[in-house]
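Each of the two complexes below includes subunit A, the first together with subunit B, the second together with subunit C.
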Partner chain A sequence: MEKWILKYFTLIRVMIALIIGVIVTILMIYLISEYPGESLKYFFTGPLASKGRLFNILEMAAPMIFCGVAIAISFQADQFNLGAEGSFIIAAAVGTAFAVSTNMPALLHIPLVLIVAGVTGAVWSLIPGILKAKWNASELVSSLMMNYVAFYFSLYLINSHFRDLDAGFLVSLRLPETAVFGQFITGTRMHFGIILAVVAALWAYYFLYHTTSGYEFRQTGYNKSFARFGGINIIKVIILSQVLLGFIAGVGGMSEVMGIHGRFLWQGQPGYGWDGIIVAIIGRSHPILIIFSSLLLAYLRVGGQVLNLMGDVPAELVNVIQSLIILLITAEAFLGQWKYRITRRQAEREEAAK
Partner chain B sequence: MSNNILDIKEIFKVYPDGVIANRNVSMDVQENSIHALVGENGAGKSTLMKVLFGITPYQGGSIEYKGSEVKFSNPREAIAAGIGMVHQHLMLAPDLTVAENLILGMEPLRGKLFLDADEAVRICREASEKYGLAVPAEKKIRDLPIGVRQRVEILKALARNAEVLILDEPTAVLTPQETDVLFKTLDGLKAAGKTIIFITHKLSEVTRVADRITVMRDAQAIITRDMDDLDEVKIASLMVGRKINTERIPAPVKIGSVKLSVRDLKYTNSDGVEALKGIDLDVRSGEILGLAGVEGNGQTELVEIIAGLMAPDSGSVTIDGTSVLSLTPRQIREAGLAHIPEDRMENGVAEVASVEENLIVDRYYKPEYNTRGRLYWKLITEKSKELIKKFNILTKSSKTNVGSLSGGNIQKVVVARELTSNPGVIIAAQPTRGVDIGSEELIHNLLKQARDEGKAVFLISADLDEVLKLSNRVVVFYDGEITAHFKDASKVEDVDLGPYMLGIKKEDAASGKMDS
Partner chain C sequence: MNELFSSIFSVNFGYAILRVMTPLLFPAMGIAVSTMAGSQNIAMEGAMLIAAFFGVIVGAFSGSLWLALLAGIAAAVLLCMILGYFHLKLKADIFLSAVALNMFSSGITVFLLFMITGDKGSTSSLPSPVFPSIDIPLVEKIPVIGDIISGHNILTYVALVSVFLFYLLMFKTPLGLRIRAVGQNPDAAESVGINVNRTKMYALMLSGLFAALGGLYLSMGYVSWFSKDMTAGRGFIAIAAATLGGMMPLGTMISSLFFALVSAVAIYIASLNIPSELIQLIPYLITVVALAVFSGRALKGRREKIAAEDAGGTESVQEKNNTGDN
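This part shows the complex of A and B:
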C-alpha cells in the first residue's frame, strides 16, 4: 500500500488537492448562501442537469484542451512560454481575415484556413523562441509582452479592415459557409473543433512519448546539460517547442471562430492562454490528463454559471477554488512531510527485511 | 572512560529520499586526540558529522558533549559550544580576502556600521601566530592554492575558539606534499590541546596521524578503538569487508597508432584566466594515458573542448585524423568519441528520466532504434535489460528513475552507455568518484578491457592511486600546462608526481606528444 502511494504520489497529491478544493467549495457555499442545500445542488449537479449544459462543458473544454496541450509541450521541454494567449488570438484574427477574403469549396477551405491560422500562431510564437535561443532572453517575459502586441494587432486588423459594418457592434465579417465547422450532433453546438482538440491531445501524447523529437524535448526538459552532452541539439528543441505551442494554440483559436461564433468577436482578451496554463498544471503536463483537467475546469465553470443564474452565489467562487487547487498542486511542500514519513518507514522496513 | 569529550550514541538518520545514511551509529572521541573516521565513499561519514554539527536533522540517538547531552539545531550553536568544522567542499568567499573571510559573522566594526579592515587583519595575524598557521591576510582567496585555502578554513574555526575540530576529507584535494604540511599542523594543534576528528578514506594517512579510529561501512560504525597495532591491511578489510586491489594492471602488449591528438590548445575563460596554455598530447590505440593533477588546473576545460561542449581560442583536436573542433557534440561522438563525464549528475544522466531513457541518449536517432521518428520502445527496453545485466546495474527495472539508484549504479549506467557506442577514443574523467568498491573494480576492469580491444583511453583523475593503477603513460597538469610526462608509468610513485602537480618542478617543454 505505502509503496503504491509513493509510486503514484504526484497523482494522489493532485487528487487530494481536488478533494480539498471541493470541501472548501462546500464550506464557502454554506457561508455565503441563504439556502446552501439548493446552491450546492446547482453547483455540483447543475452542469449535468440538461443535455445543453453537458454540451456546454464539452464546448468550453475544447479551447482549454488546445491551449493546455500547446503549453504542456513547451513545459515538457522546460520552456515557460506564456504566449498561447497571443498565438490563439492573432491566429484567429489572421485566419478570419484569410477566410473572409478567399473563396473555395469547404473540403479545401476548412483545412487551409486552419493551416493559415496555425502557421500564424507558430510564427508569432517563434519570436520568443529565437530571442531565447540566440540571446537567452527569458521566453516568459518576451512571450508575455507579445501577448499584448498580438491582442491589439488583432483588434486593429479586424476592426479596421474586416469589420462587419452591418452588424451594429464591433465584430468581423461572417465567415463564408465553406469555412465553418458543421455540428456533428444537430441541434447542439457540438462542433468538429471539439473532436479536433481531442485529436490534438492524442497526437501530442504520441509525439512526446513515442517519437525521437518528443524524446529530445523531454530529455532537454529533464536536464539540459545532459541533453547537450548526449548530442541533442537543444537550440532546435527550444525553437521547435515554441513553434508547436504557437501552432496548436493558433488552430485552437481558429477552431473557436469556425465552430462557435462564425466570426471574430473578441474585444477583450479571451483568457484561454491562461486557462491552458491552469489545465496544464493540473494535468501535470500530460496531454491525456489535460483532456480530463480541461473537462473538470469547464465543469466547474458551468457549475459557477448555473449557481450565478439560479442561486445567490457569484460565479467568482470558481476562481477561488481554481486558485486554491493550483496553489496546492504547485506547492512542493504540500504533503511533503507525509511523503517523508512514508519513505522513511518504507526504508526501515526494507532494512528489516534484509 | 571519563576523558571522552564526545559521545555519539545510536544516531539514526534517513534522508527525505529514503536513503538511510546512519543506522544506529555510535562513536566516542577522547579529549586531546586525533580521531580518524574512515570508510568508503557513501558510508555515511559526512552525514554523521553533519548531524553532530547541527546541519541536518536526525531521527534517533543522542549526542553527549563534555558530559552533557546536546542537540544543536544549527551550526551557530555548535560553534558557540566550541565545535568547528571544515567541509569537504571549502566554503570560503573567493572574492574576499583571507582576513575578511576569517572574521565573517564576527566582524569588528568601526562606528558601529563600517567594517574595521585594519582590525580584521590584526585579528587574522594574531590567530595565525597563535596557532602557527601561516596565511596571507590581505590576499584574496581566489588567488590562493587549495592547501592554503584549507588552512584559512582551519584558522577560521580556531579563531572561533573551537576545541573540537572536524575535518571532512581534508586531504582529498591536496598533493602528497601539502598533505604532509597539513599533518604537521594537526600534530601542532593536538599539542595545543585540541581534539581533532578527521575523515578520510586513505589508509596510509590514518596510520600516520591517528590515535584512535572509527570505521564506518554501509551506514554503520563497525568499530571504534585505539590505533595501537592496527595496520592498513586490517583497516582496509574492516572498511570494505574484503581486500581492495591497488595492484597495477599489466602494461599493454599492443599499442597502435595515434587516435586522439591535441595540439597547442589554448583557452582563456570568461574571468580572463588562461585555463589552457597550449596543450599538446596524443593518445594511441591500445593504451591508457593518465592525466594526474589537482582538480581545477584546466582538466575540465580540456575535456569539454575535446567533447565539443566548449570552444577553445586556438589549437587543434583530431580524432582518427579528422579535425573535430568545428563539429557538434553528436558529430564528435560519431567520429568515435565516448565520454564518461566528471560530473555525472550534471552531464552524465537525467535523474528524473528512466534508466532506459538514459541509456539511449547518444543513439536513439539511429535507424536501429526508430523508423521515421517512431521509437521502438520494446527493442529499447530489451537492449537496456541486456546492458543492465552485462554491467551489473542494480535497479528494480529499466523503467526506474536513475535518480533513485545509488551513486555507483548511476555511474554504471553512464559507463554502460559510453562503452557500448563502439568508440575509438574513450575519455574517462573521474570515472570512479563516489562509487563503491565493487563498482570501482568493475569500471577499472572495463577500461582495461577497452584498452586491450585497441581503444585509446584517456583517463583524468584526481586519485593518484587510480591513475597509477591503470595508466601506462602519465602526464601531470598544473595551472593549464603539462608539467611532466612519464612515458613509463610503472617506474613512477605518487610522491614523484607531487612536485609537478604543485608546479614546483617542471620539465622543459613537457608535453604528452609521442614524437618528442
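This part shows the complex of A and C:
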C-alpha cells in the first residue's frame, strides 16, 4: 500500500486537491444558494444531462488540450512561457488570412491552412526562445509582451484587411467551404479539430517519453546543470521547446476557427493561453493527463454555466475553485510531511529486513 | 494629420497622460520592488482588482473614504501575503501561484459583487465615495503647465511622490539594502544574517500596497464604481513598464509615462478612423527589444567577471558554478 502511495504520490496529491476543490464547491453552494440541493444537481449533473451539453464539454476542451499540451512541452523543459496565447491568436489570424485569399480543393486546403497557422505560431514563439537562449532574457516577460504584439497585430490584420464589411460587427471574412472542418458526428458541432487535439496530445506523449529529444527535454527540466554535464545541448532544447509550443498552440487557434466559428472573431484576448496553463498544471504537464484535465475543466465550466442559468449562484464560482485547486497542486510542500513520513517508514522497514 | 497634432499638443492631452499613467505606475513599482527581492510578483492584476472591489464596497457601506482606503490596502496586501506564504513556505512556483491568484481575484470579485448587489456587471448602483482631486496652489496659476499638472486626483500625486519614496526606501534604508541583497544573492544574504524569507515577504507586501493604490485609483478616482475585470490587463502592462524601466524607480516612472503616452495617442488616432492597433503594439515591441538589450548586457558583464576571475585563477570555481545557470 505504502509503496503504491509513493509511486503515485503526485497523482494522489492532485486527486486530493481536486477533492478539496469539490468540497469547497459544495460548501460555497450551501452557503449561498436558497435551494442548495437543486443547485448542486445543476452544477454536478447538469453538464451530463443532455447530449448538447456533453458535446459542449468536448468542443470546449479542444482548445484547452492544444494549449495545455503546448505549454506542457515547454514546462517539461523548464521554460515558463506564456506565449501560447499569442501563438494561438496570431496563427488564427494569419491562417484565416491565408485561407480566405487562396482557393484549392479541401483535401489540400485544410492541411495547408493548418500548416501555415502552425508555422506562424512556431515562428512567433521562436522569438522569446532565441532571446532566452542567446541573451538569457526572461521568457516569461518577453512572451507576455509578444502576446500583446500578436494580439494587436492580429486585430490590425483582420480589421484592416480581411474584415467582413457586411457582417455588422468586427469579424473576418468567412472561410471558404474548402477550409472548414467537417463534423465527425453529423448534425452536431463535433468537428475534426477535437480529434486533432487528441492526436496532438498523443504525439506529445510519444515525443516526450519515447524519443531521445523528449528525454533531453525532461532531463533539462529536471536538472539543467546535470543535463549540460551529460552533453545535452540546452540551447537546442530551449529553442525546440518554444517552436513546438508555438506550432501546437497555432494549430489549436486555427482549428478553433475552422471548426467552430468559421471566421476570426476575437476582439479581446480570448484567454486560451491561460486555460492551457491551468490544464497543464492540473495534468502535471503529462500530455495524456492533460486530455482529462481539459475535460474536467470544461465540465466545471459547463456546470458553472448551467448553475448560472438555472440556479442562483454565479458561474464565477468555477474561477474561485479552479484557482484553489491550482494553488494546492503547485504547493510542493502540500502533503509533503505525509510523503516524508511514509518514505522514512519504508526505509526503516527495508533497513530492518536486511 | 494636422488635426492629430493639434490634439496631441493640447493641454487636455497632457492632462490625460498623467491620468492614464497613474494606474500603471503603481503596479509597475510593485513589480519593481518584488523583482528586486528576487520574487517577481505577477499577481498585480489580481491585487489591483481585489483592492478596487473592496475599496468601493466598504466605501459605499461605511461612507468613509479612510475605511475604503484601509479595506483596499488590506485586501491587496493579504492577497500578496497568501502568494508569499505559498511561494516561501509551501515552496510553490511563484508564477503559477500568481496566475492562480489572478484568477481567484477575477472570480471572487464578480462572485461577491453578485451576492452583495445582485448585479454582475458593476457597482454603479452603489453610491461610493471617491478620492478628491486637488489643485496645487501657485502651480495651477501657471498657464499650460498648471493646467496639465494641477487638478489631478490626489492618488496621482501620491504615485509621483511614491517614486521618490520608493527610491529612498530601496537605496537609503537598511530594509532596501536587505531587499536588494536578497534579490541579488540569497545565499550570501543569508550568510550575513538576513532572514531571506521574511525580507521577501516584506517586499511582496510592499508590492501589494502599490497594487492596492493602483486599484483604488481605478475604482475611486478614474471612475467611481467597480466593474468586472476593470483592471483590463494593467497589472500585466505594468510588468512591461517595470522591465522597460530597468526595475529602477525613475526609469519605471518614465516608462509608465511612455506607455500612457502611447495609449493616449492610440485613443486619439482611433477616433480619427486610422487603425490604431499598430500604434498600440509599439510599446510592447520596444519592451522586448529593451529586455534583450538589458539581459544581453547583464550576461556579458557576468561573462567578463568570470573571465577576469579565471585569469586571477583563485576561488573562481564556486562562483562559476553559480553564475552559469538560469
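As a convention for this text, the second predicted complex is superposed on the first by the 354 of 354 C-alpha atoms of A that agree within 3 Å, B and C clash if a C-alpha of one lies under 4 Å from a C-alpha of the other, contacts with A are read in each partner's own complex, and residues count from 1 in each chain.
The rule we apply is simple: a contact is a pair of C-beta atoms (placed from the backbone, for glycine too) under 8 Å apart; a residue touches a chain by one contact, two chains touch by 3 or more.
Because the structure is predicted, anything quoted here is derived from the model rather than measured.
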item	value
Touched partner set for A:Tyr215, first subunit B, second subunit C, both or neither	first
Partner chain in contact with A:Leu155 - subunit B first, subunit C second, else both or neither	second
Touching partner for A:Thr343 - first (subunit B), second (subunit C), both, neither	first
First, second, both or neither for A:Ile23, with subunit B first and subunit C second	neither
Touched subunit A residues, subunit B compared with subunit C	C
Which superposed partner A:Ala49 touches (first subunit B, second subunit C, both, neither)	neither
First, second, both or neither for A:Met15, with subunit B first and subunit C second	neither
First, second, both or neither for A:Gln322, with subunit B first and subunit C second	second
Touching partner for A:Ser225 - first (subunit B), second (subunit C), both, neither	both
First (subunit B), second (subunit C), both or neither touched by A:Met145	second
Overlapping contact positions on subunit A, where the subunit C interface meets the subunit B interface	225, 336
For the subunit B and subunit A complex, residues of the former touching the latter	14, 16-20, 23, 59, 307, 309, 328-330, 333, 339, 341, 346-353, 357, 360-362, 364-365, 369-370, 373-375, 377
Parts of subunit A lying in touch with subunit B, wherever the complex brings them together	210-213, 215, 218-219, 222-223, 225-233, 336, 339-340, 343-344, 346-348, 351
Residues of subunit A touching subunit C in the complex	32, 80, 127, 131, 134-138, 140-142, 144-146, 148-149, 151-153, 155-156, 159-160, 224-225, 269, 274, 277-278, 281, 314, 316-320, 322-324, 326-327, 330-334, 336
Touching residues (chain side subunit C, partner subunit A) in the complex	40, 42, 86, 89-93, 95-97, 99-101, 103-104, 106-108, 110-111, 114-115, 120, 233, 236-237, 239-240, 243, 275, 277-278, 280-281, 284-285, 287-288, 291-292, 294-296, 298-299, 321, 324-326
